[in-house]
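Heads up, the next two complexes both have subunit A, just with different partners, subunit B and then subunit C.
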Partner chain A sequence: MSDKYKTVAYYPGCALEGTGHGYNRSTKAVARKLGLNLVEVPNWNCCGAMEVKNIDPEIQNYLSARNLSIVAEKMSIDTVMAPCNGCYHNLKKVEHDIAEKPKTQEVVDRLSQKAGHASYQAGEVETIHALDWLKEAIGEDGIRERVKNSLKGLKIANYYGCMYTRPRNIFPEKDQGGDSESTYQPHYMDDLLRAAGAEIVDYPLKTACCGGAHTLADSDTSTKLVLNLLQTAEACGADVIATECPTCHSGLEMHQVRAETEFGIKTSPKMLYFTQLLGLALGLSRRKLGIHENVSDAKELLKQKGLA
Partner chain B sequence: MKTLGEIEQRLQDLRRDQRQNPLAAADELLGLAEQIMAHWLQSKDRVPTQEKREGFRLLALHRQGCIGDPSFNACRESCRELLYYHNLLHGAPEHAEVNSRLSMARAVALHLCLFVGGKMQDPELGDFCCSSRPLHTAGMVTA
Partner chain C sequence: MPIHEKSLIRPEDLTEHEKLEIDGVDVSGHWSTFIETRVVSDYNERMEEEIAALPGGEYIHRCFQCSSCTNVCTVNSLNPDFNPRYWIYLARMGFEKELLRDKELLWQCVSCHKCTHACPRDVVPEGVMKAMATWAELKGHTGVSPSAAFDAEFTEQIVATGKIEEGRIIRGFFKRTGQPLRQPWLLEMSLRLARHLPILMGLKMMLATLFRPRTRDWGKSEAAITEYLAERETANRRALNLDETAGR
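Up next, the complex of A and B:
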């Protein structure tokens, strides 16, 4: 365990207050259990996700920069943790664009001045994902030491989705060799859940496309892609697909149901956030971890495995 | 060359057929993956390359497919995973896990087909996430 990331600014983002509420609840519960401090960014705003980005990517950049500016100016914390891949991606992207594109800094400066707050400058804040946070602050040894209810016997396929690793150029800290995270073969979730006792299956589609952003516009494409993700996890022997993004999680849950109703194909893997799984291993209850808030009902499975 | 629909059907059939010779199956899957890439390139009025990259035409085709469209990188790992299983199957055709490796190779090839097929219908698939581009550029305003 290191002091690094013991206290971080917490940027939950919109999804964690809605469909991803179980992720929010479990992230906070795990932090409390591990003695880590999450200080929520005051008066945070939407990262711009896809809605604003589709209208004007520079305004989307400004929205993300405003969140970073609050952390830099008001919180005296140099690290912000975003559990949602979309938020994490957008905060990383504005950091990259401000450093690389004068136009972005110019827009951020202008809009920040108009809004009456300090303009964010590249390098003032480090953005990390919930996986970076737990990997660094607690690590595998720290998890192993604290396990009260091992995940032994639970087979897990880890699904990282796309925005955690792509495009590579906005994640300069990845692919640095050694134990650094990989954009080709991400492994932080594997490392943490394995340390909690789970059996991690070799899942070849861990970053493959789920059609996420097209979920509503073209549901059949998304359903077919998700169905293949689910059937492949099943073929790997996975009981659970662990997720680390509310959009991926909702997409998997929603299209699992749709694949059954539209195509008559039923699949068995249950979806759980990795923080919910870690929380179970740390001895927290299903309710404290918001597992009852998931659409995918893992209650019976967890009972069978002695985890509930 | 098979149509994308025929390739998808063949991959679905292969998923159900567990009696295939692993080496022949590995080669067929690689050939189908190359055809999938060729469909993408031809839809962009490009001639699919015959060159190889890191010893495989599939990687050269994928690279060619990304030119001007970075979101096509969304299927980069699928191409590499398919080659990983192809190499495992060729390297150890008698291995105890040969059936499971073949099953994974089929799943990856099917994903490639579904992604490329989806992207040919909707070119913006992968734009928002994998290349961090807006989904819809028509009517866009600038700050």
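Up next, the complex of A and C:
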């Protein structure tokens, strides 16, 4: 437990105001419970997700740079926390590109000037994921001390997806040995949920792809990829797949339903955001954590495990 | 001699005679299998430059064909014909016709970034895949792929309002690609959600579809982005020697 990240700028992003609302609610509820301050970035815009870069990568960089420049200029906070992998990835990406590619700085400067706001300069703001935030600000010991309702008996497969760890060059702080996050075997979610009492199953597909970018454009591919994730989690004995990205989470939910309705293939794992699971351990109610806002209905399972 | 690596050669490049005798020797069937003589004279010598000029393609020249990208590729594991290493080779050699045999696969990259993560030469193969798909579309070899339609819908909404609203994206995408919105699985998902969603939350979601979420004072950003995108589109078309004014 340290003072670091006690107050962070909060960039929820579009998905957390829509399908990922349960993630938004649970992140805020957990912060409140733990005495951490989240100050939402005022008047933020979409980061461009995985789509805008295909039209033009520098426009995607501008979109993220605008958000970072608001944090740097309008908030006296030097850290922005994004719970969504896509947002987190894009903020990290512009940080990298602005430092490494003169063209990016040039385009960001030009567009920011035209749009009438400050331009972002490399190093002004540190971008972190919700996992970095809780791991650093509270840590495993902090969680252990505060557990009211242990997740004991709940078998969890942790799924980190693509954008949290790849590509390596935009995450210079990862793979630094010791307790630093690993891009091949990420463990922050494992650490936190294990501290909350859960049984973490050995899941080989932690960073496999769910096909989120083509969830509608190429549904059959996404369904195949998601089925692979779900069936492997099942084979590993997991009751729950813990998620830390709204695109992955809704992708798993959508294609679990699609596999059932279109191909008649049923799978059992329930999807829960890792903040929802932590919140349960901290003694927060299902409703406060937005668990009823998930498509995947974990109510019975949680009751059965004495968690609701 | 039978050709042991036959599976690596396209069937149209192989000939075999069911009944053939040469100088009194029976070479019927696989004994007469020949690989067709292959002469390439229609290179597109500008192909690498063309792809490098498009968004994502700029580092294609760095590739040294180690195949780390194909080795880790998510889509390749589902369909072995999806082969980034091979396509980069074809593009750099200028084998346009060969690449076009796979033109309907190019857009299927799911952007998992495994290739970019593994690439020892920082080619950013993921970006190259997007550039190749754009290249095929701009040159008129393919129609607008579902992925490109989704990107366009998404980007237009952000440019217009600074944010996206997922319901509007879904409706816009299905309309653009001429698919019915009433997909049975989407209906089933909405039903399941409705079953345990409180009425208030449902109302809030419906309101979001009526009143679009937007970033305040976005107009100047919109104008700056629109101007830049128009500039880029002209540059992209110029790089491919296409009529600059035609537009998509």
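Simple rule for what comes next: the second predicted complex is superposed on the first by the 307 of 308 C-alpha atoms of A that agree within 3 Å, B and C clash if a C-alpha of one lies under 4 Å from a C-alpha of the other, contacts with A are read in each partner's own complex, and residues count from 1 in each chain.
To be clear about the criterion, a residue touches a chain if its C-beta (ideal position, glycine included) is under 8 Å from a C-beta of that chain, and two chains touch if they have at least 3 such contacts.
If you're wondering where the values come from, they're calculated on a predicted model, not measured in any experiment.
Under the clash rule set out above, the superposition-derived model of subunit A with subunit B and subunit C contains a clash between the two partners. Once the two complexes are laid over each other on the shared chain, residue contacts for A:G35 go to neither subunit B nor subunit C. By the touch criterion defined above, A:G283 lies against neither subunit B nor subunit C after alignment on the C-alpha atoms of chain A. Legend: residue contacts after superposition of the two complexes on their common chain; A:P204 is shown touching subunit B, with no touch to subunit C. When the two complexes are overlaid, the chain among subunit B and subunit C that reaches more residues of subunit A is C.
In the superposed pair of complexes, A:G153 makes contact with neither subunit B nor subunit C. Residue contacts after overlaying the shared chain place A:G306 against neither subunit B nor subunit C. By the touch criterion defined above, A:P172 reaches neither subunit B nor subunit C. In the superposed pair of complexes, A:A235 makes contact with subunit B only, with no contact to subunit C. Of the two partner chains placed by the overlay, only subunit C lies in contact with A:R66; subunit B stays clear of it. By the touch criterion defined above, A:K93 reaches subunit B but does not reach subunit C.
Two complexes overlaid on chain A leave one subunit C stretch from 7-15, 25-33 or 79-87 clashing with subunit B, and it is 79-87.
Residues 50, 53-59, 62, 107, 110-111, 162-163, 166-167, 208-209, 211-214, 217-218, 221, 224-225 of subunit A touch subunit B in one complex and subunit C in the other. Against subunit A, in their complex, subunit B makes its touches with residues 70, 73-75, 77-78, 80-81, 84-85, 100, 103-104, 107-108, 110-111, 114-115, 117-118, 121-122, 124-136, 140-143.
Residue ranges on subunit C touching subunit A, taken from their complex, read 55-56, 74-75, 78, 108, 110-114, 116-117, 122, 124, 127, 130, 134, 145-152, 154-155, 158, 162-167, 170, 173-174, 184-185, 188-189, 192-193, 195-198, 201, 205, 208, 213, 215-218, 220-221, 223-225, 227-229, 232. Remark: subunit A residues 14-15, 17-19, 21, 43-46, 48-59, 62-63, 66, 107, 110-111, 114-116, 162-163, 165-169, 183, 208-209, 211-214, 216-218, 221-222, 224-225, 253-254, 257-258, 260-262, 292-293, 295, 297, 299 touch subunit C in the complex.
Residue ranges of subunit A in contact with subunit B, taken from their complex: 50, 53-59, 62, 89, 93, 107, 110-111, 161-163, 166-167, 170, 184, 202, 204-205, 207-209, 211-214, 217-218, 221, 224-225, 228-229, 231-232, 235-236.
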